[in-house]
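One chain, chain A, links the two complexes that follow: it is found with chain B in the first and with chain C in the second.
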Partner chain A sequence: MRPALTLLGSRAAQAALTAWLLATLCFGFIHALPGDMALRIAAARVGDERVTVETTERIRREEGLDRPLAVQYAAWLSRVATGDLGQSLVSRQPVRQEIAYHGRFTLGLGALGWLVSYLIALPLGIACGFAPGGWLDRVTTGIAVALASLPSFLVGIGLISVFALSLRWLPPAGYRTGAHMVLPALTLALGLAAFSVRIIRNAVVEVRGAFYMTFARIRGRSAASAFRHHGVRNAAIPVATFAALQFAYMVDGFVVVEMLFNYPGLGELLVKALLARDVPVVMGAGLVIGLVYAGVNLLADLACLALDPRQAARFPA
Partner chain B sequence: MNLTTMSRRALIRLASVLPVIALFGSASLAQQGEPVLRVVAPWEYTSNDPADIGYILTRLGVAETLVQVEPEGQLVGGIAESWSVSEDKLSWRFKLRAGLSFHDGSPVTAQAVAASLKQSFIGESLSAVPLDSVSVDGADVVIRTSTPFSVLPAFLCDYASIVLAPSAYGTDGKVIKIVATGPYKLTAIDGKTTLELDRFEGYARPRPAIAKLRYMAVVNGDTRANIAIAGDADLVYTLSPIATPRINAAGQMKVESLTIPRVRALFFDSGLPQFSDFRVRRAIAMTVDRDGIAKAILRHPDSSASQLLPPIMTGWYRQGLPAIAHDPAAARKLLDEAGWIAAGDGIRVKDGVRLAAKLLTLVNRPELPVMASAIQAQLRGIGMEVVIEVGPGNSVPAAIKDGTMQFTLVSRTYVNVPEPIATIIPDFTRERSVWGTVRWDGRDQVKALTEAYLASFDDARKDELRGQIIALLHDQMPVVPVSWSEHSVAVSGRIKNVAIDPYEMRYLVERMAWK
Partner chain C sequence: MSGQAVSERIRTRAERGDRLKAGLALPLVLLAAVAGLALFGPLLSPHDPTAQDLLHALEGPSLAHPLGTDHVGRDVFARLAHGAGRSLGIALACVGAATGLGLGLGLIAAYAGRWSDMAIMRLADLMLAFPGILLALVISGFLGGGVLPMLIGIKLTLWPQFARMARAIAQGELKEPHVEAARLAGFPARTLLIRHVLPAVLRQTTTLATLGLGAAIMSISALGFLGLGLQPPTPEWGAMISELLPYISEAPVQMAAPCLAIFISVLGATLLGQVLSEPDSGQEAER
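For the complex of A and B:
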């Protein structure tokens, strides 16, 4: 019990610190961008062509953008301390509501993309690990390197061209039905699987060469049985750690994939908020992404702890 | 049972259940039943404020204004049946259509209309109207201006002045929900991208044939083109001219387009030594190969702009204006006369100033950067150096505001209301406009003409003033029109009676029908 509690405590503190740091950096960066913030917000509200000096000045006054930056930051911090993320400067909706709405879509897409990536990577990685250097291993490595080196928007455009525009099997953009999720999820999954298939393959190769596996074989177990009883759990440890690290890639991937497929997730919200200089939304999204990132890492650590009880020894009794 | 076992089981359960929950939580099944007209356009529904998104509501036929404009240009009654102006030209009386009701079933009364208009006049959109008061007289709405303002009915077509029911407003006067009078009513708003609409059964002018609409906002132009290529919508609005051949070739949808009063043009900071002499601006106009750009880049030869507004604006397009021919040799001669002499590197110099400038253009219209590159190469031919900067949609107002604008290539509509004077005034009569000219010395002349235009109720006099304004702009060249825009819409094979509104105010879905 104690190792898990110690881990939870330290990670909760780290999560809060990371989230605050990320939101603060967002605040700093967005204000460092050139251009008049009130003008950008006015353009996002009424449209570029309807912007007037009067609208810009009214927004500057109403939203308190003429206050010193330190005052604006302190006001945000004190609001956040009470659990209030403020209101979007563009939609005037609560940031919490905006993030909840868009986060729901990102969660769905991320979970599906992650699941599909492991549906691809697990069997392929294990098969390659059982026959390193074989034809399957070489072909998989080639495809994985090609996919890993391609930016996700190119993979997405390729999938749209083939499955939406040429074959017309799937819609090219949107979010309303399950069919709309296939291409964005596949774009994410291919990017994720390109890396994880190699990690799984290497973990399997390493585990299969371990002394305890040889010992299991000497005891009379078949290769498959030895791997099932002794290999899977050991090979899963680096894979679990890597899966958590992939979350960072996913955040990056969401931004590109959601914009490409007109999918209303957090990445799309973040890009539009950045373009519109919608500071409360950018900071709120930064805060949430930081917390989720820390949460995912905590889950991975708990998973490793569960998979490998020896790690409990790292925590003082 | 120990903790390790529990954690493992819990983790496995969590890992297997999460994606399923997420999938079902985020994806909804397509609804069956009555056919739904799927409309795709670039504009997101960001708030309920009519000043922000009123144009989405008027385009989809959700909300109406007192006065509306027909695609042919004549002003007709929207909520108002007719209107008249008093002898002193200060008081406008609007007689409302009888028997109208709001989407919540409440009657459209003069009190409700006046209250809604008063809210509209608080914002900046209608700030050009010299408003004195909005009042009710019997069953009529009376709008009084402090000075004669002949174009008031045209200004009342502005989407910011849509009429909403009393129940649409919160206690602070802000719009909390859309309760309007149009042929379609909003039934659901999903985020900023999707609106669901049903035919308003209380609308009978006449009853719309299509019962259900779904609006989807797709900001990215390439994605909209992909949707049209895949045939995943019934109407896809605002398409790049570059995408049109691909959409037509795919055969799922057919692109229809109409030249509209939106011009792609060069605007100058005439206070800069490079552009202060009108002969330089004229030389640029003579050098830009408008026909070549229209044909090769825009794939629409008729879009080459010979003056500010296209022939569809009958009152503002002046037949007799002398055309500015593409003649780089004459342009070089004109620059020589103006004292701009080519230096060793081929770039002209005058009084130590190089004929060089930064051309700011916008990324949100994909044809503009390509056109800017062509213009850059063409101007190089007469000894002018151009550096192109491509910015987001709001970078032009920002550059004008911070004084870094030199010249711009933008796409500008002159029918924010169906009277171009409403855009000519802010673009050409101010020292620093928001989108148009900067430090142009002819602005006071235009200002005098526009003031006379606003005050005049005589059609012949107004026509004369229109001619003078356009002639002055054509002669002094504070703006070099390059091409007029096309309003393009991809139409599926399922619908008929599609009309394109050159004023971009309505999609006129209420006049469409299933085939």
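For the complex of A and C:
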């Protein structure tokens, strides 16, 4: 229990640091931007042509942009700390509401993509690990390297042109039905599987060559039984660690994939907000992504701890 | 050692060298193709990459336009060739800047130790923990696209790996007798680090820099695709793809060209990085 608690503490610190950095970064950016902030907000709300001096001044007072910088920073931090992310400058909806709405879509897409990636990578990686250097291993490696060299939007465009435009099996973009999720999820999954299949393969190869496996065989276990009892758990450790690292790839992936497929998730929200300079939304979305990332890291650490009690030594209480 | 054993060793070393050369061929050809496109492409094409010609929009490949024209009648080959120089140039600049920053901070961390080591490595961890493109995205987005924000953003995502590697190697190197001797001879820290530690670090930098080049090309095109990279009408591969996306059925060749260009350059860099990172190959290449 102690190691788990230490871990929780260090991950919470990481999350808090990430949040503070993001909030400060966003604050810094808003004020480092050339030009008048109030004018930009006014332009975003009423349109470039209809901005007047009166609206600009009203917005400056409303948003507290006339106060000293340090006061604004303190107010900003305390608001963020209490979970008040403010309103979108464009839609005037609370940022929290926007994130909750778009977050659901991303969560669904991410979970599906992750699941599919392991449905592809696990059987393939294990099969390759049992026959390293064989034809399946070589073909898989080749495809994995090629896929890893493709930005996710290219994978997505390839899938769209084959399954949506040529075969007409699936819709190319949008989000109305479950069928709309297939191509974006597959795009994400292929990108993830390209990396995880190698990790799984290497983990299996390493475990199969390990001394404790030979010993289990000497004791009279069959190869399959030895792998089930001693191999799986050991091979799962690097895979679990890597699964968390993959979340970083997933963030890169879903921002691009959601834009490509016109899918209303967090990534799309983030990019549209960036294009519109909608700072509160950018910060909110960035904050949520950063915090979820810290959470995923914690889960992976806990999983490793459960799989491998030796690791408790890594986290002295 | 018997003569036979020596000849055996020489033979296997030669074989390994051959294998390395064979492994280098493909990535070098791929990268040379992209570099050739960047250097000579603009000379081969008489067209201005930003000149619109609406009467000849979305035309297929022809003698005048070898890769056809885009939705506003711009020559796709000219845009591809001009884009190649930009993508490669900016990617190299990103990697160069990240290498400089990473090696500098890594060496300082290794030499100074204590709290500066802690601070630098914590920062590196934090940056590594931060989903890569998000940072580049936010910086480019806020600063309004263009080369410099992109350079800053991508550099910031790449430097921690260089810092970690530099620190690890420098820590080992600082304990070496020849560095110790230089220290005792009274050379200042700067000389010690630059003359005696940096060369050892640089030997390992190539691999990381090559892999970083692939990552940078990918990030640049992804930012361009999202509309947060180089701003139109600048010819850039990712932006070309997103502009042509609505016309994908009418203009398959025009669409495939930038896709293939990105794929070839990233694949070239990735494969080169992999070949270089294989055990032995580093030393083999030096001999």
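In the analysis below, the second predicted complex is superposed on the first by the 265 of 317 C-alpha atoms of A that agree within 3 Å, B and C clash if a C-alpha of one lies under 4 Å from a C-alpha of the other, contacts with A are read in each partner's own complex, and residues count from 1 in each chain.
The rule is short, and it goes like this: contacts are C-beta pairs under 8 Å (C-beta built on N, C-alpha and C of every residue); 3 or more make two chains touch, one makes a residue touch a chain.
Given the structure is predicted, the values throughout are model-derived calculations rather than measurements.
In the superposed pair of complexes, A:L275 makes contact with chain B and with chain C alike. After overlaying the two complexes on the shared chain, residue contacts for A:L154 are found with chain C alone; chain B is out of touch.
Applying the stated contact rule after C-alpha superposition, one finds that A:I289 touches chain C and leaves chain B untouched. By the touch criterion defined above, A:L21 reaches chain C but does not reach chain B. By the document's definition of touching, neither partner reaches A:P68: not chain B, not chain C. Put chain B and chain C next to each other and count what each touches on chain A; the higher total goes to B.
In the overlay built on the shared chain, the residue A:L165 is in contact with chain B and with chain C.
Of the two partner chains, chain C is the only one that A:V256 touches; chain B does not reach it. After overlaying the two complexes on the shared chain, residue contacts for A:G220 are found with neither chain B nor chain C. Looking at the shared chain after the overlay, A:G83 reaches neither chain B nor chain C.
In the three-chain superposition model, chain A touches both chain B and chain C at residues 160, 165, 259-260, 275. Note for the complex: chain A touches chain B at residues 1, 4, 35-36, 39-40, 43-55, 58, 90-93, 101-102, 104-105, 107-112, 114-115, 160, 164-165, 168, 171-178, 180-181, 259-262, 264, 272, 275, 299, 302-303, 305-307, 309.
If you check the complex, the residues on chain A that touch chain C are 14, 17-18, 21, 25-26, 29-30, 33, 145-146, 148-154, 157-158, 160-161, 165, 247-249, 251-252, 255-256, 259-260, 270-271, 274-275, 277, 279, 282, 286, 289-290, 293-294, 297. In the complex of the two chains, the chain C residues touching chain A come out as 126, 129-134, 137-143, 214, 218, 221-222, 225-228, 238, 241-242, 245, 248-249, 252, 255, 259, 262-263, 266-267, 270-271, 274. Residues of chain B that touch chain A in their complex: 3-4, 7-8, 11, 18-19, 22-23, 25-30, 43, 46-47, 49, 51-52, 55, 124-125, 127, 191-194, 216, 218-220, 223, 226-227, 229-232, 250, 252, 364, 392-398, 401-402, 412-413, 416, 426, 434-435.
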